[in-house]
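Common to both upcoming complexes is chain A, partnered first by chain B, then by chain C.
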Partner chain A sequence: MIYLDHAAATPVSQKVLQAMKPYFTDDFFNPSAAYLPAKKVAADYETAKGTIAHAIGAKANDLVITGGATEANNLAFTALETELKLHSGPHRSLPSPRGSRAISRAAALRNTPSWSVNSVLYLETEHDSIRAVAQKYSGIAIKVLPNGLVDLKDLKSKITDETILISMSLVNNEIGTIQPLAEVSALVKNIRIDRLKRGIETPIYLHSDASQALNLLDINVARLGVDMMTLNAAKIYGPKGVGALYVSHDVKLQPISVGGGQEQGLRSGTENVPGVIGFAEAVCEAKEHLNGNRKKYANFKKILLSELENYELINKKHSLDNFVVLCYNGIDAERLIYLLEEQNIYVATGAACAASKGKKSHVLKAIGLSDSQIAGSLRLTLGETNSEEQIHEAARIINSVVSSEKERLRNG
Partner chain B sequence: MDSSIETVRLGLAPWSAAESERSISRPLVFVGMSGGVDSSVSAMLLKEHGYKVVGVYMKNWSRDLPGMKCPWAEDLADAKRVAVKLGIDFEVWDFEEAYHEKVVEYMLDEFKKGNTPNPDIMCNQEIKFKLFYEKAMERGADFIATGHYARIIDGKLARAVDENKDQTYFLYRISEDALKHTLFPIGEMTKPEVKKLAEKNGLHNAYKKESMGVCFVGEVGMKDFLKEYIDIKPGEIREIESEKVLGYHEGAIFYTIGQRHGLYLSGVAGETNDGMPYYVVKKDLDKNIVYVSKNLNNENIWTKELVLKDVFIRGDAVHSRHFATNWERVNEEPRNARPLGRELPEANGCDEACREWTVSTRLRHRAPLIQAKFDGKKLIFESEIKRPASGQSAVLYDGEVCLGGGIIA
Partner chain C sequence: MIYLDHAAATPVSQKVLQAMKPYFTDDFFNPSAAYLPAKKVAADYETAKGTIAHAIGAKANDLVITGGATEANNLAFTALETELKLHSGPHRSLPSPRGSRAISRAAALRNTPSWSVNSVLYLETEHDSIRAVAQKYSGIAIKVLPNGLVDLKDLKSKITDETILISMSLVNNEIGTIQPLAEVSALVKNIRIDRLKRGIETPIYLHSDASQALNLLDINVARLGVDMMTLNAAKIYGPKGVGALYVSHDVKLQPISVGGGQEQGLRSGTENVPGVIGFAEAVCEAKEHLNGNRKKYANFKKILLSELENYELINKKHSLDNFVVLCYNGIDAERLIYLLEEQNIYVATGAACAASKGKKSHVLKAIGLSDSQIAGSLRLTLGETNSEEQIHEAARIINSVVSSEKERLRNG
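Moving on to the complex of A and B:
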C-alpha cells in the first residue's frame, strides 16, 4: 500500500499507541473520583494537556479538550453567543429564527433559522466545519488571491465595527497554503486599539484552525497573535476524535455541553484520558521530527514533480511541502482514484465526486481554477508512512494510470 | 471477463464481441447503474457482448434529513468504481427536481388522501423509463438497460426467470415505446447467479447489502419521512361497531386498512382482554378517526372484488398470441384493438362472456399470483382475498407476460 492522503487521516504511531494503552485498562479511573489512583490519572491528564499547550506556547488551562477539530471550531464560534448575551436587552434582543409566527411542526423542521447578526468573517477556503458554523451566524467570506493567500485588501474592506470574529486556518487542508496569520493579527490589534479610542466595546477575535499545521510548523500562539486556535490529534499520528481549542483569557465562550463541569465548564463529560495522553505524545513526536520532516517532504515533493508527467502543479508557492496538488486537464480524477485504488495507492481529489457528495472543491474554485482543472485535480499528501522508494513507485504508477485513461478516452 | 454465459440466453444475441470488433458502429446502450450488483452485472454483460456502454447514475434524491442518512453518495461511488473497472464511460444525470415533482409529491399527495402509494412504480414510469430513456435517445442511444429482474419476450414485458426476484410488478406502467428500446440483461438469471458472476469478475459490490424499499426513506421508515413533510394531527382510534374510543393515533394517514400492529390502544397494545387483536378497518380522514375492529370478517378487510383506477393495459401484450382471443372478445373489433397503453375502453355493449377476461394478478411485489376475472375496471376473485391498501397496484399477467395493471381504488 502507498498511502498518499495524510491530510485526511494519519495512522496512530507506535509510541502514541503505547502511551495510550495503560489508560484503557490499568489506569481507567474517572479523573473526578476521590481516591488516589483516580487523582493520579487526573494529574496525568493535566500533565498531558500541559504538554500539548506548551507546544504552542500556552498553558494547560488555556486549552479546552474537544472531540476533534470540528467540535473545537464550533466551540470557538460560541464567542458570538457571549456577545449576544451581553448585548441582549430592550434595544438589542437575542436574535431569534425569522418568521416567529406560529408554524407547523413539519414546516419548522424544514426551516433552518437564519440569524440577523453580521459579525463573522471567514476565509472562503476554510474547511466545511468553519464554513457551516460561520453561515449559521450569517458570516461573510473573505477572498483569497490566486496563490491561495488571504486577500488582505478584501479583509480590511469587510471589517466593520460589528465584526467580532475572524476565522482563518493556518494551513489550508486541501492545498496546504500557509496564511500570514501574524500579519492579520497585527491588523486585528490595530482595530482593537482604534475601537478603544472611539469608545466601542465590541471585541474582535482572531481564530485559526491549525489542524494541518503541527506536523511541519513551529507554532506559538503569542507570536501568531491568535486569540483562539484549533488543534487536532488525528492529523498528527494521534487518535481520532480528540482535538483542542486554545482560548486566550480575553475570550469568553459558552458551553457546548453541560453536566459535570469538566474543561472549565465549557465541555462537560468524563475526560477522554487515553485520547489526550495520545494527543500529547503525538505533539511531542511532531515537535521532535519537525526539521527532519521538512527536509524529507521537500525531497519527496521534488521527486514527484520531476518524475510525474504531463501534470500542472496547482500549489506552486506558500504551501507546506507535504501537500502536492496536481491537475490532469481533461481527465476525470475520480476515475484515477479508483484505478489507483486497484494498485493499492490511495489519493484524494478536489473534483465533484461521490466522496465529496458531488460538490467540487470550493478551495480550488476560490483560487480561480476552471471546472475542468478541478475535475482533473489530484491531491497527494505525504506523511510518515511514505518512503523514498514508495514515492518513486507512486510516480511511476500514477503516470501509467493517467496514460491508460488517456488511451481509453482516445479510443472512445 | 467471463464469457461462459450464453449470449442467446441473455437476449443479447445480435452483437457478439467478435462481430462488434468488425463492425464500425457498435450499438450504444446507456445503462442505469445504481451501485448495486444487479445493474453492475448488467453493465458488465453488455460490455462483454460487444455493446458500447455508458453507465449512468440517476441522481434522484440526495438530501439527508435530520436523523436520516441518504446513502446516495456511497451508491454513486460503487457505481462509478464498477464503471471504471469495466473501462466504460460513466455519467451522473441529475433528475432530482423531476423526481421530487413526479414521485415524491405524488407520494405525499396520495398519503394525504389516505392511500398507500407505491413510489417505485412511479419512479420507473416517470424517471427511469421516461426521462432517462428520452435523454439516452437524444444522446443517440440504440438501447437503454437496467438491472431489473424482468424479461422481454417477443417485444412483451415478461416475468423474470427468478420468480423470487421478478420486478415486473414495478414495471407494468413503463411505456411501450421505452420497452422497445430496453434491455434487461439479467432477466434470464437468478440472483445467486448474478452475485456469483460479479464475484468471479472481481466486482467489489458482489455481496453488497440490497437496498430495501424507497431509497430516500432509507432504513428509518416512511412514517418519519412523512412527518417531515405532512402536517399531522393526533386523533382517536374507535371501535367501528360500538364507536367506543379505544385509544389515540399520531395521524390517520399512517394507518393502513388491515393493519394490526402499532396501534396505541389502552391495555395491551392492539389487543383486548380476550387476547384478540384489533385490525384497522376504516379511516375517516375528515374527522381524523381511525376505526378498528376485532371482527376478522369485517367487510373492509376481506373482499371478492377490487376496483382499479388508472388502468394501464400494455398494447404490446394484448397483441400476444395467447391473449388475443380474450382481447378480441372485449373489443369486438380486433383491428382497432385499443392500442398501446391507453386505458381500457369501458366494456359497453359487451356480452357477459367478454367480461370474463381471465388473468392472474399480483397485488404486492413477490405476492403469489391469484386467478381473477377482469372486466376493464374491476378484478373479481373466486374467493375472498385480504384487501390490499388503496394506492397499491394490481398487476395483471397472462402466463409470463405482463398485461399491465391498475391502481387499487
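Moving on to the complex of A and C:
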C-alpha cells in the first residue's frame, strides 16, 4: 500500500502507542481522585500538557484540551459569546457609551444572538469546521490570492470597529499554503492601538487552526502573534479524538460543556489521559524530526515533480513540503482515485470530509481554478508511511493510470 | 493493590485494548475518505455504534458519539435551545398563541437566554455535570427520600406546563441508588397526553445519565421510557474520552460543535474510531458478564458487610450491587483514605471530582446525613480488578485501620 493522504489521517506511531498503553491499563486512575496513584496520573497529564504547550512556546495552563480540532475551533469562537455576555447582561447597557460595540441592538432584542457581519472574518479557504462556526456568527470570508495566500488588501478593507475575531489557518488542509500570520498579527496589533486611542473597547483576536502544521513548521505563538491556536493530535501521528486550544491570557472564553470544572472550567469531563499522553509523545517526535522530515518531503516532492508527466502543479509556492496538488485537466480525478486504489495507491481529491459528500472543493475554487481543473485535481500528502521507493513507484503508477485514462477518453 | 474505586475510573480491559489496537496503527484511515480501506473503517465504526446501541435496545442512528459523558449530558440539554430557537426566531411570535411557553418574554427581550424556573428539573443527587448544565438553564432540584430514591411527590409538584426536561441518573454515582425511571416515564407520558388535550405544545422529555449503570443493569430505553440517555465508556472498562447520547426520534437537539457534519450534524469532527471500537467491545463484555458480575459483587458486598465492624451502611436498599457506602461516625474519612492508601487500599469519600475540591458530598447531605456522618463516610465500589481474597483482605485492613484510628482519637 502506498498511502498518500496523510493530511486526512495519520497512523498512530509505535512510540505514541507505547507511551499511551500504561495509561489505559495500569495508570487508569481518575486524575481527580484523592489517593497518590491518581495524583501521579494527574501530574503526568499536566506534564504532557506542558510538553505540548512548550512545543509552541506556551505553558500547560495556556492549553485547553478538547475532543479534537473541531471542538477547539468551536471553543475559540466562544470569545464572541463572552462579548455577548458582557454587553447584554442586566448590568450593562447596550450599546456601550464608550465606543462602538459589535453586537447589534436588534440582535440583543431578539433572543437568538446575531452578529454584525464584520464581527468574524475568516479565510475563504478555511476547513469546514471553521467555516461552519464562522457562519454561525455571521462571519464573512476574506479572499485569497491565486497563490493561496491571504489577500491582505481584502482583509484590511473588511476589518471594522466591530471586528472581534479573525480566523486563519496556519496551513491550508487542501493545498498546504502557509499563511503569513506574523504579518496579519502585526496588522491586528496596530488596530488594537488605534482602537485604544479612540476609546473603542471592542477587543480583536487572531485565531489560527494549526492542525496541519505542527509536524513540519517550527511554531511559536508569541512570534506568530496569535491569540488562540488550534492543535490536533490526529494529524501528527497521535490519537484521534484529542485536540487542544492555545488561549492567551487576554482572551476570555465560554465553556462549550459545563460540569466538573476540568481544564480551568472550559472543558469539563474526566480527562482523556492516554490521549493527551499520546498527543505529547507525538509532539515530541514531530519536533525531533522536524528538519529531517522537511528535507525528506522536499526531496519526495522534487522526485514526484520530476518523474510525473503532463500535470499542472497547483501549489507552486508558499506551501508545506508534504503537499503536492496536481491537476490533470480534462480527466476526472474521482475516477483516478478508484483506478489508483486498484493499484494500492491512496490519494484524495479535496479535503476528506468534502470528498465524501461529493462537493466541489471551495479551496480550489477560491484560488481561481476552473470547474474542469477542479474536477481533475489530486491531492497527494506525503508522510511517515512513505519511503523513497514508494515515491518512485507512485510516480510510475500515476503516470500509467493517467495515460491509460487519456487513451480511454480518446477512444471513448 | 486493592482498588475499590471503580465508580471513579476503570482500567481498559485487555480485550478492549486488543480490539482498539489495529484502529490506531493499521486501520487509521479517515472514515470520510473516498477509498475502500477508509470506507471499511467507516463501516466498522457504524457497526461498533450499532453494538453499543443494541445493548440498550436502540439503533446506531439513535446514538450521537461524544467526547465523554459530560459532553453527552450537555448535548441532551440543547433540547432547550431547540425550544428557544422555535419560539424566538423572526417567524414566530412569543408567547405562542396556542399554549403556555417555557421561555419567558423577559428573557427573550434580553440577549442572554434565561428560563422559567420549571423548564428543567433534575434530581438533587445528580453528578456535577448534570447539576452544572441544569443550573445554566435555571433548573430546579427535585428532592430525594432518605433511601436515595426520587421523591415522586416533590417531582409531581414541581412539574408545570413550562417543564421541558427532567434529568435523573439511572444509577447515582456516589451511593449507587437505582432510580425508578419507568415510573417517572409513565408520569411524563400522562403529562404529554394531558398537554395534548389542552393544546399546549411545549414538549416534555426524560433524560437519564446511565454512566454507572451499563455493566450491571439490563437497560432498554423503550422499557425505561427515556427520551435521552447518556452512556460512558470509561466507567465500563472502555477508554476515557468517549461517551454517547441516545436520542429518540422525537427529540431535536442543537450541535455543541459545528463543522464537517459528522454524527448527523450533532457532533462534528473526525470520528474517534479506536475509542468507539473499544467502547463497543466494553459493552459486549459488560453484557456477556452481566449476571455473573451481579452475583459476584452481591457476594463481595455480603462478605464486606459481614466482616467489617462497627460501621453504618448508608446505601441499604435500591442500590447497585457494587456500591458499598459505609459511615464511621466520628472518624474523618479523609484520614482513613490516606491510612488505607498506606496499606495499598484505594477508596473514595465522595465523587472523585468533588473529592479533589474538598467539597462536602451533596448526595449524602440530600439523603439526610449529618455533617459528622458525611465526614465519616467511605465509598467502596467493587469491580473487575477485585478477587474474593482481596475483599476479605480489605475488610480485615479497614477494620484494623478504623480501630487504630479510634484508639488514637481516644488517646488524643
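Note that the second predicted complex is superposed on the first by the 377 of 412 C-alpha atoms of A that agree within 3 Å, B and C clash if a C-alpha of one lies under 4 Å from a C-alpha of the other, contacts with A are read in each partner's own complex, and residues count from 1 in each chain.
Going forward, a residue touches a chain if its C-beta (ideal position, glycine included) is under 8 Å from a C-beta of that chain, and two chains touch if they have at least 3 such contacts.
The model shown is predicted, which means the values in this text are computed figures rather than measured ones.
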Quiz item: Counting only touches as set out at the top, which of chain B and chain C does A:G241 meet: first, second, both, neither?
Solution: second
Quiz item: Is it chain B or chain C that touches the larger share of residues in chain A?
Solution: C
Quiz item: Does the superposition put A:T270 against chain B (first), chain C (second), both, or neither?
Solution: second
Practice problem: Answer with first, second, both or neither: which of chain B and chain C does A:R408 touch in the superposed model? | Solution: first
Quiz prompt | Contacts of A:S306 with chain B and chain C, given as first, second, both or neither | solution = neither
Quiz item: So, A:E334: does it touch chain B (first), chain C (second), both, or neither?
Solution: both
Quiz item: So which bits of chain A does chain B touch that chain C touches too?
Solution: 107, 109-110, 334, 338, 341, 353, 355, 357
Quiz item: Once bound in the complex, which stretches of chain A touch chain B?
Solution: 104-107, 109-110, 334-335, 338-339, 341-342, 353-355, 357-358, 408, 412
Quiz item: Within the complex, which stretch of chain C touches chain A?
Solution: 1, 5, 8-12, 14, 17, 21, 24-26, 28-30, 32-38, 66-71, 73-74, 84-85, 88-90, 94, 103, 107-113, 127-130, 132-133, 136, 234, 239-242, 256-262, 268-275, 334, 337-338, 341, 346, 348-349, 352-353, 355-357
Quiz prompt | Interface residues, chain B side, partner chain A - complex | solution = 52, 59, 62, 66, 73-74, 76-77, 80-81, 84-85, 87, 90, 92, 227-232
